[in-house]
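Before anything else, here is the set of structures, which you'll find just below.
Okay, so subunit A shows up in both of these, paired with subunit B first and subunit C after.
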Partner chain A sequence: MIDLKELILPKDNLIPLLRKLNKDARLVIPVKNDHGDTLFTEISDLDTTEIDLINQPQASLKPFFLPQQETLAHYSINSNQYCFTAPDAAIDTIFFGVRSCDLTALLYMDLIFSKPSKDATYYDRRNHSLIITLGCNNPFENCFCEATNSGPYLEYGYGLQFIDLGDRYYVSAGRGRGADLLERWSYFFHEVGEEDHKVRYQLFLEARGQFSRNIQLTHACQKLQKETVPDEIWQSLAERCYDCGGCAYVCPTCTCFSVDDKPQSSNTGIRVRSWDACTSDGFTRMAGGHNPVTRDRQALKRRFLHKLKYDFASHGKASCTGCGRCVDICFGGVDITTFIELFTRQQNP
Partner chain B sequence: MTNSIAELEEADVLLITGSNTTTTHPQIGRNILKAVDHGAKLLVIDPRRTDIARQAHIHLALRPGTDIALINAMMRIILDENLADDLFISMRTENFIQLRDFLHRLDLKELAKITEIDLETIRKAACIYARSSKSVICYCLGVTQHTCGTDNVQAVANLAMLTGNVEKKHSGVDPLRGQNNVQGACDMAALPAVLPGYQSLEDPTVRARFQSVWQRELPRKTGRSLTEMTHAGKDGPIKAMFIMGENPALSDPHLNRVEETLINLDFLAVSDIFLTETAQFANVVFPAASFAEKGGTITNSERRVQLCRRAIPPIHNCRPDSEIIMELGHRMGCPGMDFNSDAEIMEEISLLAPIYGGMHYDRLAENHGLQWPCPDRHHPGTEFLHKYYFARGKGQFTITRHQEPSEKATKKFPFTLVTGRGSYHHYHTATMTRNSIRLVREYPQAKLEIHKDDCEKLNIGDGEMVELHSKRGTVQICAQVTDRVKPGTVFSSFHFFEVPINQLTVDVMDPKSKCPEFKVCAVAIKKVHHD
Partner chain C sequence: MNRSFIPAQTVIREIIPENDQISTFRIEIIDKTILFTFLPGQFLMISVPHCGEAAISISSSPDALPLIDLSIRRAGKLTTAIHAMKKGAQLGIRGPFGTAFPVETFAARNLLFVAGGIGLAPLKSVIDHCLFQNGVEEDAVLSISLLYGSRSPSDIAFQRVINEWQEQGIDVHLTVDEKDEHWNGAVGRVTELLDDTRTANNTTALVCGPPVMIRSVIDRLKALGCEDTDIFITLERHMKCGMGLCGHCHLDSKLICTDGPVFSVSALTTMDVMELC
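Right, the complex of A and B next:
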């Protein structure tokens, strides 16, 4: 009897395995498109699609679970009564090639959308999903997942975790459906040998040494529990913030949204949920025009403190997963790493 | 731009004048901020303390309309400090002696007084700019929208040539173009005096070539500029207009005059994606396809011709502008209006405009397009202009003298109104951006930036409505108490049709460029009392 928790998949067997998985579920994998962008894409034909497991997908998994814009319900008004119909149910989806940071972000979103009651559309999609991650042997330029304890390899949370050992993958199964898959398709795999263990361990050590950025995230989180951030830091960040919301949109853990009703005819319409950003002026402005959060200091403050101070206090972990996307997107160069660097460098008065 | 956008990041000194770059050109603003992070010095000339001015090492907050006095002072200081690039001047320029003699006769204290900037600050800025050999000047409409706009640009060019900051990588003079394809429109001769590729309408060889391709006699006379057309008034010489993707009924100065002109036309056709203020005057409106519904190219500030692919088919009966023009041309009996594809149109452009000579669609599809001049199929495109020689041969120094704006603040109209783009969220007359719920939420109404001292004097609180008068009109607008403007100066945008700020602006133009003086007019402010 072989151990089904950890197995080796020869690379030649990857496509045949994915083809089998595709029979019962939609497959979403990073693909490099014609414009050179790598994005999570639904696969229609495994043979003609260029799967890209080298580059970081530009967007996280967030759009698949919390779409940029989604219809929460259709409504109609009949004799002054609103009738709501739920949108179509989610379909079974297997995500392959997901990086550790993005899965960690999804686990955080699970928490957010479970309170006060489970968010119906989010959990519908989530319950129909299986995530297969790929450990990062070569962290990307702006990444710092080691500082956020969300990579480069994972210890839990995944359906399956793949580690690239060169000509083969070291596959670990998480709880639930991941292990079931290994059992069902066990003939594609073989047992883990002593050598495989050693190579995996070595790659893990090397990956950890490859981060080009040293972000003192935990130190910042701890310091934030005891100290307030000087106004000058907020001021200097706010002055360079374009107020574009880009950081929140690419962030895999930013879940601010707005809900609008959009009439489609005189008595029907849709209720739409779309991404929003707590850094936006209109997000906190009240009907009378007063805004408790002023743009000149507090907009960024709210976002950074939420991630690093309050979430750390309530969950023991910051809600930044170190994916580095906001570093790349920020026009003003005032992303979360800039804040951490400014704050941790600052001495006590 | 003589430079490429990416070069800005490597520059040592960036002189930004008349540009609120982080708001109006966010991508270029990003490059500038990166340069600053790499240690570059940032100098900003702007009457307002804009976001980019706040990042500056030196902010030269001049009195509106005194750019020439400031640049002349900087050049005089550069001469006095012996920082001029003598080799560049002797090899690559002409007319320097005249400029030098002129500058030597200027009184620096007097110039500083005109600009209302401390002379020591000007001196520091001049030395920082001149001491580096990687100095870039970026300018925008704050320089050009004056009655002396052309001279302002000439002054900027003088400054760059005086210090040899032109002909090489990481140094140059960069006008930042205001609209995504305004560069392409100019390249294609949406200008009164030239044919595509800036070729002279008067050159017989050029004329012959165009006539043989277009099968038509070309007009001999230079056309009219925009403001001349929209401000001709009731009895103007133009009887019919076809306006595409432009909204002069909100964007041009002295709007009452524009309205008078448009109403009195015999025929007006407008092509736009939404029913704009201008389209509401039209006899015929063509619903045009948006950027996502058509192919074609867009040429950006760095002269890069970029290919756009159609994302979705046109919705309902909309048609791309090119199709509208072709169909009109066809029905009006114009030959050659039968292009089967955008690529075929580009082939004709390549044939007729030498700077686009090598820009074929198959090449543009790679590497994010090509930068002109690109004369043939094998040319890699041009990263920066004026290497080895200027377009006219040697760079010519031309003396520019300070002149006061056309309208001065008076007792009756004691404030100077500056107009421009107010926000990152709205674009020009907001015909597109005000159709986005989120953008409207972020910037819902027009605001008048007014200094807190002035507010105290006039007893105006933040968010209160005020009435703004000039000799030409009146608007009501919401006051925003701020320190972005200096006392005596106020600022507003032209995004909102409910607050048509251009009813106030002057239609006096620069005599050469015919660009109106949007940046200076005299206004009075009155608090609105609700009974």
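Right, the complex of A and C next:
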């Protein structure tokens, strides 16, 4: 009997396998669009779509689980009374080509949205999802997942993990639906050989050696538990933060949101949940105008301290997955790596 | 459906004007099968169709259930819409949320309430509850005093209930920042009413008001010898969920909605309290 936990998938079998999977579920895979952007995209036709497993998807999986704007409920007003109706339920979705950092971020979101009770819309989508990751053999320019312990390959959390061995994938199954899927479609796969093991390990070592940035993330987290960040550091970061919110929006672990009613007519509307960013000036502004955390008071420090100080203290792990997207997007150059570098260089006075 | 974000409907039974800007809305949940209870200090998320939600503390005692009082200052779009409502109109509520004052520890203690403006609202819930409990000997507090600051005599809110409290033996001292020709009471900050006669042993202080006031009252109480563990404050922040998810009400490592709004000052000493004001 073959071990269903680890198998080899010849690359020629990938599209036929995905076609089978697509019969029962929506498929979401990185695709390069006409603008040259690689984005997770719902596949309508596997034969005419060019899957991009080379480039890093510019957005994480976050929008599929916590959409930029989602309808929590439709409402109508009948003599000043709210009547709520539910939005559409989630549909089964298989995500393929997900990078290790993005799955790690999703596991963090699972934690956030499980208290005080499981968030119904988030978990509806989550329970209808299966994540197939692709280990990174060639980390991207601004990636530092090794420092955040979230890549380049993963140990757990995935439905299936694919590692590209050239003409074949080394596939590992997680618990539950991932293993079921391998069993059901086992005829696409063959057993793992001695050589496959060796090649996989060699690629793993090579991948780890390719990180161009050495980010002292854990050191920064530990130092933050003991030391206060000097005001000069906050000041120099705040001066070059333009309050665009880009870092929070591309960040796979930034989950802050707003809830608002959006009128659709005089007596109907939707209650929506939409992304918000703690770096924004209005994030903490109260009715009447009082604002306890303004830009002058370095609103952006919340973002770094939340991820590196408070989450490290409460979960033993920073909520940064080293995906590097905030580094890519910040035109002021005041992303999380800049903060870590400034703070870890700082000598204890 | 994401039930966590769907409010229960209530009907406004009574509207009590407290001053030019503050009115108390006495509401009752329509669906009698909904189990609802709360503790003094907790808050609700209030919904008005098309306006969204705001966090409002409950100003009545749980002993007054099924009636719930919300004392609301007209400050933004949503509160202005509420102020335009009449008796019989409906409000949505979610909650209760947040931590409560430790009323179970107040028996046989002297309670000192220090409030500024609308800040009396959450403390009123405690005062009313303590007055109700006074009928039960083992839960009775030793004494209740209230120091209440307002901007001007016409800004003094809750005048009717303050008169009732005085009739029931509460030691009330009012002060205003600016007096008018009819005012012959104290003028100045509420901290100026604080002296060592009010902070004798066995005193628990409960403070709510503008952030600057809270800070100066804490400093003054500590200077008078109050222990951090005997001072409780309640804070106000912009909130979107009330459940510890949306992130808006952060204060250092805490979230006001789930770690607060009621804090013992001893819990604040480890925090960046600069953010308080």
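One rule holds for everything that comes next: the second predicted complex is superposed on the first by the 346 of 349 C-alpha atoms of A that agree within 3 Å, B and C clash if a C-alpha of one lies under 4 Å from a C-alpha of the other, contacts with A are read in each partner's own complex, and residues count from 1 in each chain.
Please note the rule applied: a residue touches a chain if its C-beta (ideal position, glycine included) is under 8 Å from a C-beta of that chain, and two chains touch if they have at least 3 such contacts.
Just so it is clear, the model here is predicted, and its values are computed rather than measured.
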Exercise for the section: Report clash or fit for the pair subunit B and subunit C bound to subunit A in the combined superposed model. Expected result: fit
Handout entry: First (subunit B), second (subunit C), both or neither touched by A:Glu239
Key = first
Handout entry: Angle at the Cα centre of subunit A, taken between the Cα centres of subunit B and subunit C once the superposition is applied, in steps of 10 degrees
Key = 80
Practice task
Could you say whether A:His128 touches subunit B, subunit C, both of them, or neither, answering first, second, both or neither?
Solution key: neither
Practice task
Could you look at A:Asp281 and tell me whether it touches subunit B, subunit C, both or neither (first, second, both, neither)?
Solution key: first
Handout entry: Partner, of subunit C and subunit B, that touches more residues belonging to subunit A
Key = C
Exercise for the section: Pick one for A:Val259: touches subunit B only (first), subunit C only (second), both, or neither. Expected result: second
Exercise for the section: Would you check which partner chain A:Ala73 touches, where first means subunit B only, second means subunit C only, and both and neither mean what they say? Expected result: second
Exercise for the section: Scan A:Ile112 for contacts with subunit B and subunit C and give back first, second, both or neither. Expected result: second
Completion exercise
In whole Å, subunit B and subunit C in the superposition are separated at their closest C-alpha atoms by 12
Practice task
Share the list of subunit A residues that count as touching for subunit B in one structure and for subunit C in the other.
Solution key: 260, 276, 285
Handout entry: Parts of subunit B lying in touch with subunit A, wherever the complex brings them together
Key = 22, 26-27, 29-30, 33-34, 37, 51, 54-55, 424, 437-438, 441-444, 463
Problem - Residue ranges of subunit A in contact with subunit C within the complex - result: 72-73, 75, 77, 79-82, 84-87, 112-113, 115-117, 119-121, 255-261, 263, 269, 271, 273, 276, 278, 283-288, 290, 292-293, 297, 302, 305-306, 309-310, 313
Completion exercise
The residues of subunit C that touch subunit A in their complex are 1-7, 9, 47, 49-54, 73, 75-79, 85, 89-90, 92, 211, 236-238, 240-241, 243-251, 253, 258, 275-277
Practice task
Enumerate the contact residues on subunit A facing subunit B in the complex.
Solution key: 239-240, 242-244, 260, 274, 276, 280-282, 285, 289, 331-333
